[in-house]
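Next, two complexes with chain A in common: one pairs it with chain B, the other with chain C.
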Partner chain A sequence: MALINVKTKEVQIKIVYYGPGRGGKTTNLEYINKTYREQIKTEMVSLKTQDDRTLFFDFLPFDVGQIKGFDVTIQLYTVPGQVKYNATRRLVLRGVDGIVFVADVQKDQRKKNIDSLNQLYENLGTYNLDLFKMPLVMQYNKIDLKKNNIPIIPSKIMQKDLNINLRAPAFEASALKGGNVIPTLKRIISMTLASIQDQLF
Partner chain B sequence: MNSVTELGIIIKNLETIITDEDIKELNLALKDIRQRYENTASVIILIKMVQTLIKYLSSKKEKAHADSMPLLQSISGNLEKIINTPYLEDNEVNKIISEQTREYKLFQSKITSNPTIPTEDIDNLKAVILAIDWEISDTTLESFDTVVSQMISKYKNYKIHYSFLKIMHATGKFIGVQKASAPANSISFLRSVFDNFHDIVETKEMPFKEKRRLIEQDMERFQDFKQDISKQKKTNAAGPDTDPAGDDRDEDGSEVMPALSHVKSSNDTSEEEFGPLIELDEDESSLEAEKNGQESLHLPIPGNGLDPDEQKDVMDDLFTVKDSPADDLLDAIHLMEVHGDKGQNQAMKMLDQADEDQAGLKNFRPERKDTTTPIPEIDSRLDAFFSLDEPDQADELETIEDTQSLDDISEQALEKTEDVSESITPFELDDESFEEMIPENDAEKIFSPDLILLNKLKDAFVKKEYLEDEAVLDSIQEDIQGLRKMWADDSQKQSLLDIISISVNLPSSVSPATEEPNTEVETDEFMETGQDLPGAESKGVLGKIKSMFTR
Partner chain C sequence: MLNQSQLDAIDQAIIENLITEGIDHVIYMDMAGNTIAKHDNGSNSLDSTAFAALAAGNFAAVDAMAKLVGESEFSLLFHKGEKSSIHFSKVNDDTLLIAMFNKDISLGLVRLKVAQTIEQIDKILATD
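Then we have the complex of A and B:
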């Protein structure tokens, strides 16, 4: 949930990048961090085990400046994509305000995308949050792979698989090249802030 | 001495390790017995058992199972008993054979049972497979090859284990060659083979048949996997394929149910109803990356080419002072991993506590409202923040350029105010506690044009640049004039502006309508005497103020 410090006039929004393993969640954050390093001014925190193998989550906080007198801080998180880390995913989702679901358009990943989204619904349920009511943006990542002759799922099918019930804004993307990474981010921040603007601004 | 007795003597005299000479003698004796009793089923059964055991002993030598020699002696004894005992009843013969067969099978299951594989080996294997699952890199592939090769050489005598390891090794090598282009199911296949291997190692009581079934099944899957890859190669060679097997079917032909269809089912499949889809122009994305001077990005783990200083490993700081929410979250994850399921509750409590510790916080639960349009300030702020050409355009609104004319500033500020009033209904949801803490019109006030000008004046006085810079002094004059226009109906504010004007000795800006009589006289006196205003005599403001009080 959005944290608002009424004394210091600060708003803090938590956005979580969720999706199946190796879908491009971390790459999204890396692109943002690298491209807007001057504006962001903070470090990207990458959490991994001592043997440098498994990522727990990534964390990228930044301040977008003032909106109507409130300092707005955005915290971007990724969850670990591997199936076995669901408990960690649940913890990362705690207090989430907006979600970017990063789906992998590779043909082989079709079921993993669906399973991951179903699990997201279940995980949010543990916090009494309803995915249908959460600010949510879908991102269909790795769209550029079709150039390399790798079979991909057309966006129409991705929409049908993942968005037929949710009907959230969706972006085709290439996180590695930065394609639609920022529009995705802007959209989720905008949606999330808009969802509390009546109560806040 | 007949061949049976001779066989018995050879077996009784066998050492722990069977020699080639022993095998030769045994085979000769067995050949003779077989020829003599080729029509006696019971004898042939026992002879086959002896032959198999001899084969086993000769291949294993010193590594042969400890029970193998006693079993061989037992079979030999029974063989001697059946052949040399006259008038032995059929049921007695059958009893001997069935008991011997049971013993033989028991031994067979013993020698085909699990080799003792240390937990460390299994853990290492699991770790290298998980590493590949996370990232396919030269380092992870090298570790995988080392671990699996070592295990293959260690367990080469256990056919089932060996076969599992060979399948894993071949799959790993394939992934190594294909790297990122490896089909996604190659990793899941590798993991499933490992899972079966793990099962046969860990389940000591697993029957041999079940083990055989598992390895046969995996060998079949391995063949299918190879065929799939070759088919895929052919398809790729024919051109890009972007059409899946069918909208509602996965590659394997199984039906695909859309996500969350178990929760909510939509029959409307028209594209318009999915929600807006923003497509990606591939050329544009490539250009953007080039324009920004981006290099290929990699996962933030060692060896991927990123500057290690750019990444912070919070594990190192686990017990340091907590200064970010990530630290609390990491502690919670750590707690959860240490304590298992119970730890999850503890972790939640810990995070709750961390939130409570932050005084003055109020929580809002964002709710998606498709009909809500973000207020213009949100998008303009984000556009400004994420603009690469001008790093922070929005700051220009808040720190207005000196070069802008007063009218421009006022118009700009007024436009802002209008936008705000059109789109915002502050505290529409009546959160009383929040209302108490924030004045209702606070947000509007921040963007009101007079407040902007006042803040600008305040800054100018604080910085004292007007003492040395005429341009700043002119700017102050313009600001005061602007405020006069805005506050034309407020005599008290006009008076205050007069005081400010006097303090910087700017009599021309004093409004005649609100001038105090004394001030008017002073000004008139100057006019009558033809003297210059104090400001004209001394340009320094301190001098001006001094002269004001000394006159």
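Then we have the complex of A and C:
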């Protein structure tokens, strides 16, 4: 749940990038860090293994200015994607306000996307949170691989696999080059802010 | 959500018990990594936002380890450094109090003062 401090007039919002391993969650944050470097006061924190896989989380806070007199800070987190790290994934989800689900469009990743989304639903359940009521944006990442003749899943099928019931806004993206990274971010921020507005005012 | 007078009282408890005793930084935060109150004595600077995120992760990981060994929780953590050390203490299920102090202050004093502060914060939280 977003932290609203009436004394310091600050709002802290937690957005988590979730999805299967090697899907591009960290790459999303790295691109955001590079693009908004001037607005970000602190370094991005990455807890990773020696071979650069996320071990616990990446963390990137940035200010989005004032809303009705409150300074709003967005805290972006990623989770480790590898199957074996579910305990840590669950820990990172604590207090989450909004989720970006980063799916991998490569054909051989189809099952991993679905499994990861199912596990997200279960993990949120341990905090009594419902994915269907949570601000959520879908991102179908690595769309650029099509140019390299790597077989990818068409967005229509991705929608059918992951989004037929959730009906969340969805973006095709190529996080490595920044394609649709910022639109995804803007969308999840506006949805999350809208959802906490009732608590704020 | 805490109200203004609760936040004022928490600030006062932290400053009186901990900062005036010479503790460098104190962060009162929730388990999601959000800072509720932070104070320092101006001796050095700290990126408290990133610190709180890492502290929440650290505490959550140790909490999960406690469950694996059959403990309900490890309510207190201590990291010792050469020049400064960090003391983590659980206030309730949702919040943590973190104190960073230099080598001139004894761990015993920190533990005592942190315990007193937590007792006061508990009382403040009960006055909703």
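Remarks
Convention: the second predicted complex is superposed on the first by the 194 of 201 C-alpha atoms of A that agree within 3 Å, B and C clash if a C-alpha of one lies under 4 Å from a C-alpha of the other, contacts with A are read in each partner's own complex, and residues count from 1 in each chain.
Note that a contact is a pair of C-beta atoms (placed from the backbone, for glycine too) under 8 Å apart; a residue touches a chain by one contact, two chains touch by 3 or more.
Keep in mind the model is a prediction, meaning the values are calculated, not measured.
For the composite obtained by overlaying on chain A, chain B and chain C cannot both be accommodated without a clash. Of the two partner chains placed by the overlay, only chain B lies in contact with A:D161; chain C stays clear of it.
Within the superposed three-chain model, A:F132 lies in touch with chain B and out of touch with chain C [touch as defined at top]. Once the two complexes are laid over each other on the shared chain, residue contacts for A:E43 go to chain B and to chain C alike.
Within the superposed three-chain model, A:Q75 lies in touch with chain B and with chain C [touch as defined at top]. Once the two structures are overlaid, the count of chain A residues touched is higher for B than for its counterpart among chain B and chain C.
By the document's definition of touching, both partners, chain B and chain C, reach A:F57. Touch criterion not met for A:N123: it reaches neither chain B nor chain C. Of the two partner chains placed around the shared chain by superposition, chain B and chain C are both touched by A:K7.
In the superposed three-chain arrangement, chain C is struck by just one stretch of chain B from 96-104, 240-248, 348-356 or 474-482, namely 348-356. Taken together, the two structures place residues 1, 3-8, 43, 45, 47, 56-57, 59, 61, 75, 87-88, 91-92, 94-95, 199 of chain A in contact with chain B in one case and with chain C in the other.
Contact residues of chain A toward chain B in the complex are 1-8, 13, 21-22, 26-27, 30-31, 34-36, 38-39, 43-50, 52-59, 61, 64-70, 72, 75, 82, 87-88, 90-92, 94-95, 97-98, 104, 106-114, 117-118, 121, 129, 131-136, 138, 143-144, 146-157, 159-180, 182-183, 185-186, 189-201. Residue ranges of chain B in contact with chain A, taken from their complex: 127, 130-131, 133-134, 181, 183-185, 232, 235-236, 239-244, 247, 250-251, 256-266, 269, 271, 273-282, 284-286, 288-289, 292, 294, 296-302, 310-315, 324-326, 329-330, 332-333, 336, 344, 347-348, 351, 355, 358-370, 372-375, 377-379, 381-386, 388, 391-392, 394-395, 398, 420, 424-429, 431, 434, 437-438, 442-443, 446-447.
The touching residues of chain A, when paired with chain C in their complex, are 1, 3-8, 12, 14, 41-43, 45, 47, 56-57, 59, 61, 73, 75, 77, 87-88, 91-92, 94-96, 199.
Contact residues of chain C toward chain A in the complex are 1-4, 7-8, 11, 30-36, 47, 49-50, 53-54, 56-57, 60-61, 64.
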